[in-house]
Each structure stands twice: as structure tokens, then as C-alpha cells.
Amino acid sequence: MLGLRGVSLSFGGVKAIDNLDLDLSDGIVGALIGANGAGKTSVLNVINRFYEPQSGSVQYDDVDILRLRSHQVIKHGISRSFQNVALFNQLTVFDNLLVGADHISRPGLLTNLFRLPKARRHGREARKRAERVLEFLDISHLRARRASELPFGERKLVDMGRALTTDPKLLLLDEPAAGMPEARHESLAKLIRQIPDEWEASVLLIDHSMALVLSAASHVVAMDFGAKIAEGSPDEVRSDPRVIDAYLGPQDAAQQDGAQAEAGLEG
Amino acid sequence: MSELSLSAARRGALVKSIRKLPLGLRMLAIVAVAIVAIVFPAFEGSDSFVMYTATQALVYGLAIVSLNLLVGFGGQISLGQAGFLAIGGYAAALLAIHVSGLPIPIEVLGAGAATAVIGFLLGLPTGRLRGHYLAILTLGFGVAIPEIALNWTSLTQGRTGLTVPPPRIGNTIFPTPTELYYFSLVVLVICLVAIFSILASSTGRAFAAVRDSEAAATAMGINVTATKVLLFTTSAFFAGVAGDLDAHLQGLVSPDSFPFSLSLFFFAAVVLGGLASVWGSLAGAVILAVIEAETSSSSGWEPVILGGAVVLLLLFLPRGLADFPYRAQQALRRWRGRKPRAAVPPSRAEVS
Amino acid sequence: MHNFFQFVIGGLGFGGIYAFAALGLVLIFKTSGVVNFAFGAMATVVTLTLWSLLNHAGLPFAAAWVLAMVIAMLIGGFTNGVLMRRIERSAVLVQIVLTLGLLILIEGLAGVLWGYGPKSIPQPLSGNPVNVASFLITPNDLFIIGLTVGVGLLLFVVFEWTRVGLAMRAIAADREVASLMGIRTNLYVTGSWALGTALSGIAAILVAPSLGLEPTMMDQVAVFAFAAAIVGGFGSLIGAVVGGFLIGVASNLIAAYVSTNLQLTLIFAVIVAVLYVRPDGLFGRQAVSRQ
């Protein structure tokens, strides 16, 4: 159970997150939506301890997350993917996944050097886990490819896979659908919906693809200018007037502008 | 010239460039190198200068692989690797002189461990430093160590240096060039096995992860600073062992044995051999030792050749010499009029 | 106490030399983002050229100096325009390695062309120390200090208050954006390499009479110059000048009170301390971290 209370974050004078409360129950897929710059990724970066909020608290189960250093967050079961994909480019897909699994039991250098039983056991378990992730995401054919060689959409999948390999209790997914053709969004949504049951992890999903969010998540929080403007089931949030205004509104307006411009060109 | 970008393809960590060759050919090459290395003294053992050069190549091999561990596999920089060799060399000399009857494996481990401690200390600030600052820091280290050795006369005998007795096991000593060669070969092989073992494990993956993306490594639970410090410590250990071998080979350690230019030459050899390629580094070591032997009489062409090679290589063969077999293969195919392979080397997935 | 200040003043001459070397480093780093590890070797070649102009061509000192500066600018411009430009988009490591390759190559070439025996060139000003407010200082040191302060101020004025400086600051802040704004970035970067190499050339010409002119002469000076640049924050021209004087004075005090043979070691300790406590130097601003 994740709980953010009154979290505020600003850079210089710019407020990225404004007094945000956020709750996410275990075993569900939750989503955070909002236009670009609404502060969604900043929320993940706060939970992940990349950003230090000026005020507020972040609690996960009984753990005060803000007391951890960023590399310790994962020990408490919180893992993440990255908006712009931060794979280990020179490693193979399989090795990328193994790095994810490595935190589960981190054998020391000498244990590894002499291939002590603990190191071998860790290797076996890590490989087994990575295999299972490859299968789940249906990317087994990519295992020996170097991460840098893959197209963006597949890199996104590997990024998500690496986060899954860490055996998380809470998975933070930052725009998993970016760079993927829209035709694949539905199958991706289906994968994400399976995560709570198949991997015993809840998911906090960020995306601005409304279709993906609505189909994958059961609980949605909408943000605008760093503040929460609506919360509820996908249907409730979709029909909330403030969300339509803040999120869908400008998009419609832009489309209208575009249409007018085209009309102008033709005329 | 996107090829010149290091980020793309040069830093093939656990994916070694030699992988581009078929597996059988690779095994054949390794076996061939091993056989040559073992039987070599049978043919050249009588020529002590050749044996000296060959042993020097082994010693440089370990030093350059230790540097490549840092640079190629870990994405860090050291312009002071000769400083680590110096510490290992002095530690070896002091152990051999002051502890009579010390078994040679203990001496080698001791030299490595002493150097690892210094590597640990030097690595401490690296969690916060990168790129140019790290280069300058390690450069200063490499320049300072010989000066300290020069001035700490009670320990180091100043400019005179310390005479290093030949390696010994029990009451047997190994003073001949051929024996020194085999001694160095055995130590090198053990170190290489250890290095490959580390690189293939979770520790090696953590090094590569920190190199490729510190943010993602952190999110995956890797303590970036601790990993960098561990990397410096590990690299220093093996450099210290190389310093031990060097001390026995030269029979003397003195402040003049470890000039700044040696660190630069090691760095050049890493680049010549290819970043993140152990075999390439060994090839670079052979080249370095041979150039040094061939140019020692005629004044000053060694740096010209090495420096010129680095500059040309960066501009024309940016993946290092380890890439050469693959390039040659491609050129051969073109020459035969066949279509060259795709620019991206095929992976196992594509083949299957 | 009087002795102490005499040692302080005695360090200012070398401080000016380190300041020139650091200025060259910082100027190139600011516009191109590259620390030119080959700067010492390049500066040595400039000085060896000056030596040849004096001894073989028989030019007067001032004329030889001017010609050497022109050659320094050609070397710097060539290095960027022909070599560094080809890898300007590569990783920092590649750029460092190329300058290291150049360092090895140029030092070696200098050895092959001019030999390794030390040569001498005269000081710009000769003469016995003069008494200034009860402290002794040589005319040559006074010349160096004046030249350093003058050139440092000139660079500062150019950088802060002219259109050229504005363009260079824009390039330093963001090369892509500067290029989009219509600034001819390649010209300015090459120009800063030319000017930076001339500045380090001055350092080498000034230091050669004291150290003895030989191909590896600048290896040790380089450590002092790096220390000066780091103390100054590696990005500030004023910082480089102040850092140069600080390092010059500090090393003279070390030589006077500790040991003449431990200068490099203690300066290295200074580098470690500054980098550890303030990674952006005493004058540098905290860099905004990525991520």
C-alpha cells in the first residue's frame, strides 16, 4: 500500500508537484494521467528517491521511503521503468534482465570470484526469473541482442521486463506505450492487467495514451500543473469536467487549430 | 562518422568483439595462443633478450587488462595505472627482502592487496567525480607516487631503489629468464581466469550497469559509489600483481621505473586493443613490449608510433584492434565480390 | 613573518606561468567541453620553435615570440579543425583519449625533431632582483605578473562585455542552441583552441628558462596547471588566474617550509582535497545534475 501525503516539489520557482496526496492499494493497476509537464514523472522520481521533495511524506507499507537512499528503494519492493528508456546499452537483453534480478541476493565479489555455492545458486535463480520475464513479455527471441541495437518500442518492453525481474511488489511504469504502434497498445494493456495476478505486484502506470490507461487501470488519478484534479474509476475520471478541460480540452483545441490551419491552406 | 561514437558499439562489455567470429574459430585462436605461449621458450629460451621481451609482454598484459577493467568494462578513467604498478612493485620488494622464506603466492597476494588498499582510497572520491576530473585526479596520483618513492628513503632507498630477489618456492629459486617467463605466465593465467569469472558474474554486470546508466543502475538497487570504489579496488589489485611480476622481471624497483609515460602507454594499449576486450588488451601488450624492445636503441620513436597509432585508430578503426579480424573478414568478402554482411554483427538470435 | 611574505612573492612568478597554462585549458574547455591533455606538449613545441627561430633563423626575441604565437594558433586551430571536430559528438572518454594520443605523439615528435638534451632560451627580462617595499622581486617576475594580470583582465573583458564573448558564452552554455541562433560555432571553437594554445605557449616560453627546455618539460607544469584550473572551478577565467597564483604561492611555500621534492605530491593532495570537498572548485558553481 503506497501513500503520498502532501508532497510538494519545486525546481527554482517552478512547482512540479503541488501538495499531492496519492494512495495505491495492493494488487491493482493504478494510473496517473496528465498532459506533458503535469508532474507525472516527477512523482515517480520522488517515490524512487531521485528527487527530494520540499515537503510531504511517502509511505510504502510501514516504510518511510523518504528516509531511504535511492538504491535502497528497490529492497522494499518498488521497481520502475524509465520514460526515455535507460537500458544498459552494451549488455544483451538477457544481461539487462539479470541486472534486475541481481538485487535479490547480491553475492559479493569474492563469492562470485570463487563461484561459491551462493553465487551459483543466485545465478540459477536469476536466470530462471529472467527466462520467465522473457516468456511473459514474449521477447525470448531478443535475448542475445545487444540493447542498443533494438528499436525503441522493444527497448521499452525490455525496460519494463528489467523492472519485473527485480521481483517487485510495486511496479512504476513510465509511459510504457511510448514509441509503440497504436495497434500494440491493447496487447500491452492486457499484459499490464495481468501483472497483479501473475507477478503479485501492484502497478502505478503513467501514460498520456488515454486508451491504454483506461483499458489497463482500475484506479486513475489525474494531475494538472502538479496538483491532483480528479481521482476515481476510469469512467469517473474520463467524464470529470476538470479533466476534460485540463487534459482533453487543449488537445481538442489543438486539433481544431490544426483543422483551421489546414482549411486556411486549402482556402 | 557516427561510428566514432563510443556510446554505440565500442564498449562491448560482456559482449566481446571477438564474438563476431564463429565460435569454432574463436576457440581455435585461443588454443593456438595458449600453445604458442607454452612452447615459446623451447625455441627462444636461449635468447635472454627475447625472453625478457616476452615476459615484459605478459606483465604489461596484466597491467593493461587491469586498466581495461576500469576503462572498458567500468567506464572510469585512470591515467595513473603505473602508480599502482609502483605500489605493487615496492610491496613485492619489501616483502621479499624483509620476510625471508615467504612463499611466492603469499608475496603476490600481498602486493596485490597492498595496492588494492591504495586503489580503494583513490576510488573513494570517484563516486562524485567523472570524466575530466577523474582523469586529472588519477594523473596527479600517477605523477605523485614516484615522487613519494623518491623521498621516502627509509622505506624505498630513494633513487637507488630496492633490489628484488628472484621468486622462490621453498628453497628453490627461479632466476633464469625462462623460469621468470613461466612464473609470469602462470600468474597471468590465474588472474585472467579470476577476471573472466568476475566479469561473468553479478559483480561484472554491476560494473557494466554503472558504466551504461547510473540512473538505471541505482533504480536496480546498485550502489553506484560503492560499485565504482570496488571497481577501482579490483583494478588496483591486478595492477599491483603486475607490479610484483615487473619487480621480479627487472630485479629492481626504483622511482624511475614508473614514469607518467608508462601510464599513457598503457592507456594507448587499451585503446589499441579495444575497450572492454581482454584479448585485445593482451594483443596491445605484445605490441607495446615489442615496440619498446625494438625502439629502445634508436631514440624516441616509441611514443611517436604509439601516439600516432592511437590518433589514427580513433579516426579510422574506432573499435580497436579486436575489431580487426571482423573488419578483415568483411574486406575479404568484399574483395571476393560477395555482399558484405550487415553493419550490425548478427547475433545468435538472428542465426537461429 | 617577513620571510613568509618574501616566499609568497617569490611564488607569484611561477603562479603567473601556471595561470597562463590554466587559462589556455579553461578557455578551450569552456567552448569545446574538452580538457586538452596535450596542451603541455603543444606548448613545448611552440617553445622549441621559438628556440629554433632564435638560434637558427637568428630572429630578434620579440619577433620570434610573435611568430611563435602565430604558430601556436595554427597548431591549436589545426588540432580542433582537423582532429577534434571529427569526434565532437563522441563520449567524453573518446575525446580524452584522442588528446592523450596527441600528447604521446607530439611529445615523441618533439623528441625526434629537437632531441632530448635540455636547451635554453632567455628570459623576457633579465636583471637582478629589485627592492619593492622591502621585498625582493626580479624584473622578469614583475613582467610575468603584469602580463598575467593584463591578459587575464583583457580576456575577462572580451568574454563578458563584447559580442565575441557573448557568442562564446552562448556556445559554452549550449552549443546546439548557439548554432541554431546563427552563431558560427565551429569558427569560435577553433578560435578558442588557437587562442588557448597560444596562452599555454606563453606559459611554456616563460617557464623554459627556469626548467630547461626539453620535450617533457611541461609534464610537471601540467599537474600544477590542472590544479590551478581545478581550484579555479574549471570554467572561470578569473578563477584560472587566481588559481594559478594560489598554486604558485602554495608550491613555493611547500618548497620553502616542507621539501622541494614533495611539491607535486602536495599539489596532488590539494587537487584531491578540492575535488573531494568542492568538486566544482573554489570558484565554481554547483553543476545541475542530470537525471
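When the chains are written out, they are named A, B and C in that same order, and each has its own residue count from 1.
Note that a contact is a pair of C-beta atoms (placed from the backbone, for glycine too) under 8 Å apart; a residue touches a chain by one contact, two chains touch by 3 or more.
The structure presented is a predicted model; accordingly, all values stated were derived computationally and were not measured.
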Graph class of chain-chain contacts, one of line, ring, star, complete, other: line
Remotest chain, chain B as reference, centres from CA atoms: A
Mean-CA-position distance for chain B and chain A (Å): 40
Rounded Å distance, chain B centre to chain C centre (Cα mean): 32
Gap in Å, rounded to a whole number, between the CA centres of chain C and chain A: 48
Shared-contact residues (touching 2 or more other chains) in chain C: 291
Multi-partner residues of chain B (at least 2 other chains): 7, 215
Residue numbers of chain A (touch at least two other chains): 50
Complex contact set, residues of chain C against chain B: 29, 35, 37, 83, 86-87, 89-94, 96-98, 100-109, 111-112, 115-116, 216, 219-220, 222-223, 226-227, 230, 234, 259, 261-262, 264-265, 267-268, 271-272, 275-276, 279, 291
Interfacial residue positions of chain A with respect to chain B in the complex: 48, 50, 69-75, 79-80, 82, 86-92, 95, 98-100, 102-103, 106-109, 112-115, 119, 122-123, 126, 141-146, 148-149, 162-163, 166
In the complex with chain A, residue positions of chain B that touch it: 7-9, 11-15, 194, 197-198, 201-206, 208-209, 211-213, 215-224, 230, 234, 276, 344, 347-349
Footprint of chain C on chain B - complex, ascending: 1, 4-7, 10, 71, 75, 77, 79, 124-125, 128-133, 135-137, 139-141, 143-144, 147-148, 150-151, 214-215, 260-261, 264-265, 267-268, 271, 299-311, 314-315, 318
